[in-house]
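In the two complexes that follow, subunit A is the common piece, with subunit B as its partner first and subunit C second.
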Partner chain A sequence: MRLLGKQRLKWVYSIGIIALISLFCLAPLYWIVITSLKTPGTEFRKPVEYWPSSFSLESYGVILGPQFRIQNAIKNSFIVSSAVTLGALLVTSLSAYTIARLRFKYKIESLILIQLAGMVPPIVTIAPTFVLIRSMGLLQTLWGLIIPNIAYNIPIGTWLMAAYFAGLPTDLEDAARVDGYPPFSTFWRVIIPLAAPGLFSAGVLAFLGSWGEFMLALTISLGLPSAQTVPVAILTFSQRHELQWAWVSAGIVLSLLPVVVMVLIFQKWVIKGLTAGAVKY
Partner chain B sequence: MAEVRVENLLKAFGDVIAVNEVSLTFEDGDMTVLVGPSGCGKTTLLRSIAGLEDVSAGSIYIGGQEVNRMPPWDRNTAMVFQSYALYPHMTAFNNVAFPLRARRVERSGIRSRVQRVGESLGIGKLLHRKPRELSGGQMQRVALGRAIVRKPEVFLMDEPLSNLDAKLRVQMRAELKRLQKDLGITTVYVTHDQAEAMTMADKLVVMQGGRIQQVGGPEEVYLYPANMFVAGFIGSPAMNFIHCSYHPDEFTLRAPSFQYPLPSRYADSLASIAPDQVVLGIRPEDLVVNLDPEPGATLAQVYVTEPLGKETLLTLELAATMVKAVAPPQIELGIGDEVGVVFDDDAVRLFDPETEKALPAA
Partner chain C sequence: MRQRLRLREPAVAVLFIVPAFIGLAVFFYYPIGQTMIFSLFDLDHTSDWLNAPFVGLGNYLDVMKSRQFWLSLRFTFLFSAVSVFLQFWIGLGMAMATFAVVPRLRGVLRAIIIIPWAIPQIVQAAMWKWLYNTDVGLIGDLLVRAGLVGRPPLFLADPRLAMGAVIFAYVWKTASVTSIFLMGGLAMVPDHLIDAAKVDGARTWMRFWRITVPLIMPTILVTLLFRTRDALRAFDIIYGLTGGGPGTQTDVLSSFAYKFYFGYVEYGLGSAYALITFVLILALSLFYLKRIQPHLQFRS
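Let's turn to the complex of A and B:
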């Protein structure tokens, strides 16, 4: 009986901790959602309304209307994130396969170098990145966001994909070579289809990461609306229109919606990607 | 169809020499079996012929053409792997068709050839399935189909039966041998199973430590092993070895409680070598066990009996050595029983204990 009681206590304790952490993570999201559904001007009514007394979609109408057209920023975010995903997958799959499969001097050192680059916070490199993008004539363009974001995704993508490739049986590549396929054909026809789950995980992480990227987007867009992604557009709205929090909240909800849907659908791949284990190279 | 020849082939992985200056010819149309224990270099040799390993030294010729610098996708060899190496994301049809697509065979041609090969291997109705939906035997046939469909010059088989259960393995052995004879394609077959090697081979190559120990027909290797390694590796149960001292005045071998008058065919070689010690080799089936031994006969004590159904395997204590003998299934013996043992003189083989090489007989 004492043991059962102890186990139950442990269970209650664990659930309690998880509930607290979940509350801590989800509370801001909840607040944003209900704020977006409040009538503009009533966000800070006293006493604080944890559940709106009345619901309104007025803020969504404003955000989607001719004044803000957040759908343009969402479109830009989609374009940037999709391009980053494709570009990152192309680059990381090639670099990861090289590390996982080819024998060459300084292989481990190469992987460490790539990972070290990933450990440098983007804010440290924002100034040289700006200069580089400017020299390429890509300021205030979506390409100016896409190229650096691809680079940001190389370390994690390479790590994830290298682990995945290393886990594939080498017999398949040998069989393809004997069947008549040179290395790149083998990579394209045999390895890539088999690595689809890993590619999916890496792709989802790249998409989510680039969707929410703010600092680079703010730096490169330089205030031009046609080059703004969702996080920057929301900041611009809030600065321009006297912090109408209901509108800002509606913008945030709309920008999060695709991401939340994506995570819910592809959560298996996100978890797989985040928990890719250590493999001998 | 083509002859394959390797000359002074050396393959090293760092300091480890996997194939040590091997020279060998694989005759056109023959099934040559490379057999030996794990790590003997047989798979490395096979992979070198396929082009999957770069050789450290030496040459490989396929159909008279040196192929050292030729990549595997240009060598016109086909390989069947131990794991089958079927592409899991493709159907059986696409697995078999894969090498044809590399050669840009037209679609209708691919379809007819794959279907024909599938029918001949008994998997015609399974071609729509993916590998995970197939049994071990079916996967093996798909792997064979993929090798056959492109009509290569050489088949390379790396222990293709070792993942099958015992019964299926025996069945597939016969089918594979028949298939190879029907197709007449030069085949290099690797196995660690000496029984499989004996049944499959036109020519047997026994390897150990990266070197060839003996090359010959299965019967020749079985009956006239070149050294103690070959004698002990080929044949199951293995050949018995009794370490004896040689007494030239009586032309006899002696060991504790054991004496063996030598057959005359060894007179010349023993006279020229004049060793002090000789190893006597005799296969279990060449020892005749007598329940009622004659006076003066060689005696042995039963250590354990193993009834196998069609025969009984006896472990006997003889000359301070454990030896195996094969007895009829109905024999009734218990542990500790004393029996007489008669050696078939024609089957006795002698070996030099230092070099382990077989002593020549007239």
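Let's turn to the complex of A and C:
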């Protein structure tokens, strides 16, 4: 009986803790969702309505309509992020394999070069990158975003994958070696299947990272709507319609939906990916 | 057979790492070099440094002489110090909470904590602009309802409040990722050590400082390194929320440099600003890395 009481107490304070953290983490989002469902114009009504007196999907119509077409930006973001994820996984799993597993004379030097790049603030590289993309004729194109973003993933991706590779058992690799597999087949047939969960984590992080990338996306798109990804589109729209918060909120909700759903579904891998880099080294 | 493999492995190692090096060279090291060159020339509305006047360290001197620089440097430090401090403690609190709640609710709590991290920073900036709205914003209204203020403050127009508002919006997102990092560390603290301390009668606070903190120290250091680095180079939240305003009160080095690049089209001055930001981050990184180094391990 006493044990039951103690158990119940634990549930009560668990729910208390969760309520408190939800207030911090979710209240801003609640506000945006609620605003997006208010009839445009009523979001400025006083006293402030914590629960809309009238619900309306009008703002969603506007944001998907010809005036704005948020779906274009979402599509662009999907294209860019998917391509970046594939490219980054390919490049970083190879480099991480060298760092974590292969005999290589300049391991420490390579690692320093890679991690030093991770420390570079984007503001240092943005102007020459802009000039470079311009001279390649890739301004206002999605390729102009995809290629640099693959490179931007190298430091963190190599770090994560190397941490993952370092934690894999060596026996299968050794067996492959003894059997005379050349290193590339060992990598492709043995290591990659073993590292699938790690690759998946790194992939989710690369996807989300390039989904949220802003400085380059802003600079490369030069205001052209068809080359804008979600972050740039939302910012542009919120600046152009500064008093239409119901519309802007609807845009925010639609643009967040894909990533929030993704993070919730892949939560386990996201946490593994983020913590692997922090814990293993 | 073994002999041949041993000979081949280093070649494969090089082959595997070359694509990464090409990427780094083109999109990190070349631009850094170019920015260094830009910073030595007077580039007014041009990136054609070959035909521009060479001014040596003139741009740096101009930067040092401007009051704006010192103000933005000060705010960069203030922003980083306060936001990292808050992120760390809020993040740690949330991470520890996930271990304190009943196991069945752990997953739900983690999901809640992770959500702010998924939101792109610039989208957050737009969100917070609305939350800080003076007439009908959530934050102002809550403060009024709580009886803390008579009427909603001008969050983004008052210089001091704008600084706080930017920092808080930034902390909201980053506490989330800090928390996830620390969860990883906390998960590695063996239960039996905590239990042993409990048996020995150590109080919660003592257990935290004497057992948990030393055990997760490597994680804490790596977390602080990444968090400080990101805070020092923060750009999106400031660009989107205040645009550096009111005036240039909330400009950090990055947002100021961006104005020079793409606002005033002064690549030389912008580059000088950008490089100063980089040097700051490098100095701080070295400071942390010195402390992290003992924990590094590789199979060589």
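The criterion applied here is as follows: the second predicted complex is superposed on the first by the 246 of 281 C-alpha atoms of A that agree within 3 Å, B and C clash if a C-alpha of one lies under 4 Å from a C-alpha of the other, contacts with A are read in each partner's own complex, and residues count from 1 in each chain.
Keep in mind that, in the parts below, a contact is a pair of C-beta atoms (placed from the backbone, for glycine too) under 8 Å apart; a residue touches a chain by one contact, two chains touch by 3 or more.
Remember, predicted model here, so these are calculated numbers, not experimental data.
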item	value
Chain touching more of subunit A, residue-wise (subunit B, subunit C)	C
Touched partner set for A:143, first subunit B, second subunit C, both or neither	neither
First, second, both or neither for A:78, with subunit B first and subunit C second	neither
First (subunit B), second (subunit C), both or neither touched by A:200	neither
Subunit B versus subunit C as contact partner of A:180, first or second or both or neither	both
First, second, both or neither for A:101, with subunit B first and subunit C second	second
Shared subunit A contacts, counted only where both subunit B and subunit C touch the same residue	177, 180, 182
Complex contacts: residues of subunit A adjacent to subunit C	10-11, 14-15, 17-18, 21-22, 24-29, 31-32, 35, 43-46, 48, 90-92, 94-95, 97-105, 107, 110-111, 113-114, 117, 119-129, 131-132, 147-148, 150-152, 154, 158, 166, 177, 180, 182-184, 187, 208, 211-212, 214-215, 219, 230-232, 234-235, 238, 245, 248-249, 252, 255-256, 259-260, 262-264, 267, 270-271, 274-279, 281
Complex contact set, residues of subunit A against subunit B	169, 171-172, 174-182, 185, 190, 193-194
Of subunit C, residues touching subunit A in the complex	1, 5-6, 8-10, 12-14, 16-17, 19-21, 23-24, 26-32, 34-35, 38, 47, 90, 94, 97, 100-102, 105, 107-123, 125-131, 133, 135-136, 138, 141, 172, 175-177, 180-181, 183-185, 187-188, 218-219, 222-223, 226, 229, 232-233, 235-236, 239-240, 253-254, 257-258, 261-262, 267, 270-271, 273-275, 277-278, 281-282, 285, 292, 295-300
Complex interface listing, subunit B residues touching subunit A	47, 50-52, 71-73, 75, 77-79, 81, 83, 85, 87-89, 98-99, 102-103, 146, 150, 156
